[in-house]
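Have a look at these structures, which come just after this line.
Each of the next two complexes has chain A plus one more chain, namely chain B in the first and chain C in the second.
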Partner chain A sequence: MARLRGTGIAAVNYPTGMNLGGDPSQALIHATTSGSFVVSLSATDLGQGLKTVIGQIAAETLGVEFGEIVIDTADTDTGPHDMGTFASRATHRVGNAVIAAATEARQALLEVAAEELEAAVDDLEGDGHGNLLVKGVPTRSVRIAEIASMAQFKYGRTIAGRGAYMKPKSLVDPETGAMDPDSTEAHACTVAEVEVDTETGVVTVLSIRSAYEVGRQVNPALVQGQIAGGAWMGMSHALYETTAPYYPAVDHSPRDFSEYLMPGPLEMPEIECVVLEMPSSNGPYGVKGIGEMTANSPIPAIANAIYHATGVRFDDLPITPEKILRGLDAKRSGPS
Partner chain B sequence: MSPDLNVVGNSVGRSDGIGHVTGRTRYTADRSFPGMLHLKMVRSPLHHARIRGIDLSAAERVPGFVRALTARDVPHNCYTILGLIGVEPEEEFVLAEDRVRFKGEAIVAIVAETEAAALEAVSKVQLDLEELPAVFDVEEALEPGAPIVTHWGNNTFMFEGHPCRRVRLGDVEQAFQQADYIVEGVYNTSPIEHAPLETTGCIAVPEANGRYTVYTNTQALYFSLDNTAIILQVPGSQLHFVGGTVGGGFGGKVDVIVEPIATLAAMKTNRPVRYTYSRAEEMQVSSTRSAWRIYVKDGVTRDGHIIARKVTSYADSGAYSRQTPYALTKHAANAAGPYAIPNVAIDAYCVYTNRQPTSAMRGFGVTMASFALEVQMDKIAEKVGADPWTIRFINAYHDGDMKPHRKLVEDATLIETMQAAATRVGHELPDVFRSMTSAPRDAGHDGGRS
Partner chain C sequence: MASTIVAFELGGREVEVMVKPMTTLQSALRDQLGFTATKEGCRQGGCGSCTVLVNDEPMLSCLLPVEDVAGQRVTTLESLTPTQGLHPLQQAFLDANAFQCGYCTPGMTMLAQALLDHNPAPDRGDITQALTGNICRCTGYGPIVRAIEVAAQAMHAGEEGQPR
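Entry: the complex of A and B
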């Protein structure tokens, strides 16, 4: 009996969004009296931080501080239509809609500011921190918050914007499969290291180290969170999870987490990543979707590492200790 | 971070982070309303059966029982989620009519004053079922004489006249003849649960103005609202859907299972109705990821170039397809992997069985393809005597290459991520791979590919 170590790699692509029925998101933005901007959406935050990254994109385009953005979402009475949060689409689609809405709102803002500063709209610029300046005349500046207030009380104007983004519908050719199903593709390469206990069949994942290329990181900490969470999920998929342990048999289907196995904190390997940024042509600020893909490459990387360690191929997921022991027994009992 | 950006590229704190870590974030199930009723479902104990009769009399005598709903109460009982974007046919029953197609299928909704009363009434409903033969395996379901799951007579979803989603590029059979090696594999993946911390659920509340507010943890508010309007045959203006932070989605909350029946119950009783899955329902009734069986056959040259790839995939959709046909199309568009292969044939089947329905899940059709193909790549490497890095670099797609579904590759960065990963783990690549880029081949960076 031994503990065998192995290393495996996997390289993957993952599409951003899907549009076989047309894939729209819309956004509305308006300024309050104090210079905050309310971004109205119906997109849902699944816990991945959508509200945060959309707030960052709105702040960037409007030229205000992140703290001035209020995200008002997930209410069909106030938020314009959104297809939903899935298919690694939300940051890309909602982000683009918000850029469009923020661009329109910023134009309205600049028009009021131009009137107040007695300057042409084209002569104004923002400092990205809540101020508008007349180019080349730093003394002539005004707080965006002041303009927002004046728009209400002095000029009777709206500072608001509408934005829509849609990936148009792509029909699939039923004979050849010709189609345009996505907006861009992110890529990843993962290297997994495992140790296989030949007495118990238990696989310990020692490390999952990856490189991701995600176009542009809006919020690097949230990207890291996706990568760590996805690595865990992929590992869980590779080694633990099943609702039908003996598919196609229907027995032993789990009812709760004492029967449905997943790795706990003690099973977590070392997770490391490098993130490359090569902006996409159509994402907001070059974004590509990273939501789903982080669970993908760890699975084959772990399967390949187990083969490297044991010399036995396991092509059925999950690769449980039972399967490992049966595979090792088959190998010992001679050539198949 | 780009020097011309101020906010994008910063790790600003999550706007909802403090609420999450201090337990103050409100989820759907945290809400409560005066007079709120609880909905629990009578479910099929059999995998496949004809419904001969339903006896509610004992259930109606349970203290706290308010109302039962059966298929007859649902205005448009047979629907399909993706009907919104033109997918046909309508196939799923909100409440079972004459037949149940999987163990756990909803038959009668019981609405009661308390959860305990609802559960007790559920246990008192007498079902008269005639068990039917069932099928549980994707390939057995396609054999002649297999029990038919659907209401239209076969066990496959039809893609514009074909029983599978097809992709065709070049001529795989001819290329297999020219190949030095044929490498074949069959890969199976298990169904898995989304396992969100927060189970699927909603609360439907009648408002004084005649509208209904539905608090839900759906991932797609308008999917839910528009389907609810269709199923209940009410104008969308009568519905107001409110979401919020979802306690884990992963694709499991894109189906529209709880909102229509809870809203109907609120309409029939004129009281708020809560319908939230137990953990057991989440695991045994709500959609899972499909089980997949994927056959891969590759034709490879002596130096490791893949010249032909044939993929035949079966996704076990369970009793209803929900979002699964979409997964097959996405699978078909990605089943050749991030590689330039001139001859490709893909047949991807969405197969009905008498299992718990499956639907969207993180990676939707691609996760399973990536598993099969990336294990396959290692088998090819071994066959031709190359190392796993080499086989991927020499086959990697470049910008401007044609994908099997006839879309030109753009934004390709596979090569760059492999270089970065190799550097990260200290694996020394030969110069030819270190200097390779994903730029179009005619740009002179073809990395030695002939």
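Entry: the complex of A and C
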């Protein structure tokens, strides 16, 4: 009986968005009288941080501070149309729509400010702290919040913008088989180290180390969070998660998700990653989707590490202790 | 069965709720008192998102009939949060980005407070062990463990700096 160590490696190319009947997102932005900007979306934040990154993108494009952005999501009855939050598409699709909406809203903002400051739109610039000023004449400036209020009470105008982004449907070229199903792809490579206990069949993951290429990071802390959380999910798929019984009798199977096996804090390996930024040509500020992909490469990396450790190839997930023991038995008794 | 009135201490204040038998503390906090920091993940003792302190001990409020805390001292994340700024645990969670969706965070924070009450200088192993009843689906636990380590040091340093 022994503890066998192994190292496995796996890589992933991951598409951003999808290709059904086309992949559209829309956004609307309007200024309130207090100078905050409401971004209306039907895309949802599932907890992964969409509101944060979309708020950053809107603030950057509008030239206002992050705290001035209010993201209003997820009433699909009344909001602008969106395909939804899935396929690692939202930052890319919604972000592009929000840039378009924010660009139009900023133009409306500048037009009102130009009238108020008696200057040309092209002569105005923002100072990044909530003011618009006439280039080269810092004394002629006005707060964006004041312009927002004046637009409604003095000029009877709206400060608003509409934005749409659509990845058109791509058909397969019948001659060549070529198509363009996604907009861009992110990439990753993962190295996992495991230890397999040949007596109990238990696999301990020692480390999961990855390199990611994700385009421009709008929010590096959220990217790191996705990668670490995805590594945990991948490890969970690889070794634990199943609704099938671990042993032949059905009464040993989990009845619901509260009995569904997952790694806890004691099982967590060292998780480490480096992130490379190679901006995409069509994402907002060069982003690519990094969401679902983070749970991908850890799975084959762990399976490969188990193969390296034991010499047995397991191709059915999760690789439970029972499967490990059966596989080791089969190997010992030789080819059947 | 008829409702009864249960009184207990919540974050230093006396509160009363009128409840049917077997109403949980979780439901009294969230639905009657509007203290919604205490989360409701599974309602069967499996996730820890509803962790509160009763007389400084961590308890799963989804399994606790509110009658059981009559006259007891209940602390939730609301009462841990200072009026100005953040509690050192909250600050450390924020600095370590120890959340994504944040659903486990209140339970994790209360559990960490209970751990630090008992053991002001826990090592990584103590922290990891303490967290085993609380599930996080987002972070992989690493940032949470690191946040609690940092908070323990900050709170320890803070106490040493206090005149006795």
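Please note the rule applied: the second predicted complex is superposed on the first by the 311 of 336 C-alpha atoms of A that agree within 3 Å, B and C clash if a C-alpha of one lies under 4 Å from a C-alpha of the other, contacts with A are read in each partner's own complex, and residues count from 1 in each chain.
FYI, a residue touches a chain if its C-beta (ideal position, glycine included) is under 8 Å from a C-beta of that chain, and two chains touch if they have at least 3 such contacts.
Remember, it's a predicted structure, so these values are computed and weren't measured experimentally.
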item	value
Chain B versus chain C as contact partner of A:Gln152, first or second or both or neither	neither
First (chain B), second (chain C), both or neither touched by A:Pro265	second
First (chain B), second (chain C), both or neither touched by A:Glu60	first
First, second, both or neither for A:Ser210, with chain B first and chain C second	first
Touched partner set for A:Thr198, first chain B, second chain C, both or neither	neither
Chain B versus chain C as contact partner of A:Ala228, first or second or both or neither	second
Dominant toucher of chain A (residue count), chain B or chain C	B
First (chain B), second (chain C), both or neither touched by A:Leu317	first
First (chain B), second (chain C), both or neither touched by A:Ser36	neither
Doubly contacted chain A residues - partners chain C and chain B	46-47, 49, 221-222, 257, 262
In the complex with chain B, residue positions of chain A that touch it	8-15, 18, 20-22, 42, 44-47, 49, 51-52, 55-57, 59-60, 63, 65-66, 71, 73-77, 79, 81-87, 128-129, 169, 172, 174-182, 184-191, 209-213, 215-222, 233, 237, 241-245, 247-250, 253-257, 260, 262, 272, 274, 276, 278, 280-281, 285, 288, 291-293, 295-297, 299-301, 303-304, 307, 313, 315-318
Residue numbers on chain B that touch chain A, as the complex places them	2, 5-16, 20, 47, 82, 84-87, 103, 136-138, 140, 159-162, 165-169, 185-193, 195, 218-223, 225, 239-251, 254, 279-280, 283-284, 288, 291, 326, 329-330, 332-334, 337-338, 346, 353, 355-356, 360, 362-364, 366-367, 370-375, 377-379, 388-389, 392, 396, 404-407, 409-414, 416-425, 427
Of all residues in chain A, those that touch chain C in their complex	46-49, 221-222, 224-226, 228-229, 231-232, 257-259, 262, 264-266, 268, 271
In the complex, chain C residues that touch chain A	42, 44, 46-47, 97, 99-103, 128-129, 131-132, 135, 137-145
